[in-house]
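The structure appears below as structure tokens.
Residue numbering begins at 1 within each chain, and the chains themselves are lettered A, B, C and D in the order written.
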Amino acid sequence: MAEENGNSALLRLRKRTAEVLFSADQADPLTHIVDVGLITLISLNVIAVILESVHMLRVAWLPYFFAFEVFSVAVFSVEYALRVWTAVDNPWRKDYRHPVFGRLRYARTVMAIIDLLAIAPFYLAFVMTLDLRFLRVLRLLRIFKLTRYSPAMTMLFQVVREEMRTMTAALFVLALLLVVASSLAFIVEHGANPANPDAFASIPAAMYWAIITMTTVGYGDVVPVTPMGKMLGALIGVIGLGMVALPAGILASGFNNALHRRREVLRERITDALADGVITEREEGELEGLLAQLNLNAADAKAMTAAIRHARKQAQTTCPHCGKPLDEDPEEEA
Amino acid sequence: MAEENGNSALLRLRKRTAEVLFSADQADPLTHIVDVGLITLISLNVIAVILESVHMLRVAWLPYFFAFEVFSVAVFSVEYALRVWTAVDNPWRKDYRHPVFGRLRYARTVMAIIDLLAIAPFYLAFVMTLDLRFLRVLRLLRIFKLTRYSPAMTMLFQVVREEMRTMTAALFVLALLLVVASSLAFIVEHGANPANPDAFASIPAAMYWAIITMTTVGYGDVVPVTPMGKMLGALIGVIGLGMVALPAGILASGFNNALHRRREVLRERITDALADGVITEREEGELEGLLAQLNLNAADAKAMTAAIRHARKQAQTTCPHCGKPLDEDPEEEA
Amino acid sequence: MAEENGNSALLRLRKRTAEVLFSADQADPLTHIVDVGLITLISLNVIAVILESVHMLRVAWLPYFFAFEVFSVAVFSVEYALRVWTAVDNPWRKDYRHPVFGRLRYARTVMAIIDLLAIAPFYLAFVMTLDLRFLRVLRLLRIFKLTRYSPAMTMLFQVVREEMRTMTAALFVLALLLVVASSLAFIVEHGANPANPDAFASIPAAMYWAIITMTTVGYGDVVPVTPMGKMLGALIGVIGLGMVALPAGILASGFNNALHRRREVLRERITDALADGVITEREEGELEGLLAQLNLNAADAKAMTAAIRHARKQAQTTCPHCGKPLDEDPEEEA
Amino acid sequence: MAEENGNSALLRLRKRTAEVLFSADQADPLTHIVDVGLITLISLNVIAVILESVHMLRVAWLPYFFAFEVFSVAVFSVEYALRVWTAVDNPWRKDYRHPVFGRLRYARTVMAIIDLLAIAPFYLAFVMTLDLRFLRVLRLLRIFKLTRYSPAMTMLFQVVREEMRTMTAALFVLALLLVVASSLAFIVEHGANPANPDAFASIPAAMYWAIITMTTVGYGDVVPVTPMGKMLGALIGVIGLGMVALPAGILASGFNNALHRRREVLRERITDALADGVITEREEGELEGLLAQLNLNAADAKAMTAAIRHARKQAQTTCPHCGKPLDEDPEEEA
């Protein structure tokens, strides 16, 4: 009996932990505290790794850096263990139910692998000798743990993925231009500048110059010196200017598009909610939830409601002379 | 009696001053003169501070600069005092009515604090010793006094604020890229260039290079020298090119959006104005006011009016039951 | 009689000349030849001035440059004289009719002043001594004579002018940022770099750096050396990146807008042309003229015609059961 | 008989080869293999030419580079010969049917000329002596053979071609600005910098600086040194910033436009498919084919279908005269 009780208490604890770790319900105070705590710890870790790379600071604060690292790895290890343990209770996924395969299935997700990579280097350093500098930078991978908490990023990646086909076409045109420009520059500038013989020594070297020019970065460490080379530089600078416009145009129309589709969904819901002439409190709550989910703002909804209300008023439904509804069957009158 | 008269004269003066200082009614000649005068004085102040920073000019024109400063502070002090005194009569705000708390409430607004900061340093310099150069630059804060006179800026800030959520997502992606790129550059380039050992000495140093490259500024004071570093530079230059597109796309769709919403409002008003078939002179005046308020141009209104007129001509105009025109007033029949 | 005949022949000649010079009717062969000839001569002039600025070429080809200059000024002088003489017959303007005031009115237009400035320096050089280099560059003003022949530029300028108010707001924000950034950089970097003491010597000097950074030009002749200055540079680089988006967003929405308005006009005309079910040859000719005038392409018109045809088919107008038109009055049946 | 059989077998082989080489039907396994093989070989060729330009690699791997070149030319020669031979069976073109003129007509197409240029230099090197470096770079033209396999690029080029008129106007404005800016810089900066006397020695030299500044590349090899020159540089940097927006705005609206037209086509097809209330499996297959052809994504189609369904539900569905549903087939009644 006691064992059964203990077991069911453990199951309740596991269920609660899964809720806290996997749901994003910020209304639950514990979920909110854990989320904020983890976000803070990850951010502090990133800052610590960056500061530790400064020689002076590393020498001065070494013990503190080490202590913070041990503490962080401990917390992240507990988090990882809890996530794997409670994955079977993940409220959003039914395919994690199996005690062994469900957990393995969870462990294979991108977020779980990132969680593992965030702690693995620390333990590996005990087993084998690793380059310390490389190891330290590996810790920066912890920043990817933050992606879990950014729902808006999902929309960004979605737009980029949707426009991938057109973006690939733009990148192909860029690659073509790059090969042509750098080979021409190689022919024209090769060996022309005795002060900087490495500048256009090969096509790959010319490619570095061409990319730095086309992206309008223009360091100035490699510059053309012949009149032909200068004309080429000016030309691909102008083309680069136009090339900036291509992905911008594609992504901008992609964004407009995604927003437009979301707004169509909102418009339909408002039309349905207005079908009986008023928006009840319950309907308003639902609309607000929809707004947050679609990443739209309240001003959109307000303008839309006004427009639909106005359109309904315009779509006169009774004749002002005989008072009968316009869409009523006149045969019935007789 | 005389006192009461004097009091009511003072109240009338306070009311008039409030009108001049707080209303933006450019049709009132005095308001117009005061506005133009203050805008000119603020602009001259900014120019004076900038010129005074040039050593040669400061030495040559010191007395003039000082005299102008004293004059400006005097005017701005009087302006500030008048604004606090007349705040209770501000025609747009009812919550400033209370003689003490109303004025305190006004003094806590952003614009009032800017007005105070614009004169405070001058008086503080009498009380305590301050770094003169820092003090002089503080005077440049006066430029923020100009924001009072730029209604169009409100729209800009509004769009930026509305798109803040998506912008934050774009900035988070940028920060992620920045951390990854600069840590990779740190591993690859650290100690590779003996001529410039500080260039990639730490991750923060590499971050400076990465930002300057990703924003396509490309000073050229820090450049990669290893083949891997050059490839990395080219890569983040290209990614930076794409990153320019993200905020551009977001802001561009935000602008289109805001303009679209404003145009919907305009369309409704024109439809209402056209309900009786013609746009009267009074309605035209109202529409022009709306155009100015919504920051739209007359060409929009013209095209819209034509389109609505055309749509009305196309639409059903008589009741299918009684055959009478739908837009005729049934009261008139009787 | 002969005098009268001569007079009327002269009037006919003046009328014909006005047609050739002022109409843009490329179907008239003489107009076409004169236009192409003048465009070629202006372009050659610009190229000649540019080449003449190269010392080596000027020395080698001096007589040819001079001969070409004399020939060009002769042609442009005749052109100017003819334009003033025939302005009274300008088919587009009724207010040039008066023999004296009409011509003066024409001489005060921007295009006429440009025409005069294009030849004046040559004659002025006889009267007084002028700096030769400056004089030569003045001749480059002739390039503005080309604007007469670019109708598409009108649309560009129109969009820029329409969006001027919003652009001004964006420029004001830029100016504000510029003043704040350069004064901060002045405080932080002033005297910090002994190798380049002029770099941040005054706020105007810091402003040069700030603009070159914010526009992402990034020459690298002035760079921050203190950690604070580098952070400031990175920050305003990122803000500059966003600022690029503001005018881009404004102009892009302006273009979409202008095209949308033009398309509305086209849609109406096509709807009217389709009112009788078919587009006659005459209507097609009119639509093509409209397309050219609105700077739209044929693909737009084709897609629009198809969409309107489809919509008409969808907007069923007779009942498929009783065969009577849906918009007919059912009372009449009885 | 045997001869006839042999002939018809040859004809069948030719037909099959034409299908493999000219159709893009990736469902046919042989077509797929040949396409992937050729794309791989072209890409390897481009990489080989780029690597061969690195002196060290050329010396080390010379025999391998030569062997690969001979192999590639052999494959491309066979491909070219097969394409010319089978052009008469090209399933998409009827005008290639003639055994001699049809093949000549094919040989004059851009793609056929690119195919010839990709192999010609190799054979020419036997006949006459050519600069080896130039010859090697000519081989890079093989990259254009890839354009055959990129259908999305067609859309890019189409948008650029459609917007050509507006782009030309933008480029004309740029050219005008360029001439004005560089001549002003020439006057101001000519001879001002003794350390770099070639920088602004002539207007063409000043033009190089002006383009590098306006495109925001900003190498820093040529920088203004006089206060006037610096102001000019800052000014054209800001104008350049705005100029980036012009092509961006034009191309972005062009893309939106092209997508909008494609979506109109899609909407019509969905409306037609929904005419009977449901989308059958066959109709769904057709719609998917259309999506791929129009380069649209499935999310568009889904949102559109929902919107059309919704609109149909809202619209009138019965005749006001006889009360029968409008979309019911009247034939069935009888």
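In this section, a contact is a pair of C-beta atoms (placed from the backbone, for glycine too) under 8 Å apart; a residue touches a chain by one contact, two chains touch by 3 or more.
Keep in mind it's a predicted model, so treat the numbers as computed, not measured.
When the contact pairs of A-D are matched by residue number against B-D, A-C or C-D, over half are shared only with C-D. In terms of the distance between Cα centroids, subunit A is separated most widely from C.
In a homomeric contact, the two copies may use the same or different surfaces; for subunit C and subunit D, under half of the interface residue numbers are shared, pointing to different surfaces. Chain geometry summary: the mean Cα position of subunit B and that of subunit D are 42 Å apart. Subunit B and subunit C have CA centres that are 29 Å apart.
Listed for subunit A are residues 204, 207, 216-220, 244, 248, 250, 252, 256, 330, each touching two or more other chains. Partner subunit B is touched in their complex by these residues of subunit A: 46, 49-51, 53-55, 133-134, 137, 140, 143-144, 146-147, 150, 152-153, 155-156, 174, 204, 207-208, 211-212, 215-221, 243-244, 247-248, 250-252, 254-256, 259, 295, 297, 299-300, 303, 306-307, 310, 314, 316, 319-322, 324, 326, 330, 333.
By the touch rule above, subunit A contacts subunit D in their complex via residues 162, 165-166, 168-170, 172-173, 176, 179-180, 183-184, 186-187, 190, 201-204, 207, 213, 216-220, 223, 230-231, 233-234, 237-238, 240-242, 244-246, 248-250, 252-253, 256-257, 261, 264-265, 268, 271, 327-332. Every residue of subunit A that touches subunit C in the complex is listed here, in rising order: 216-220, 248, 252, 330.
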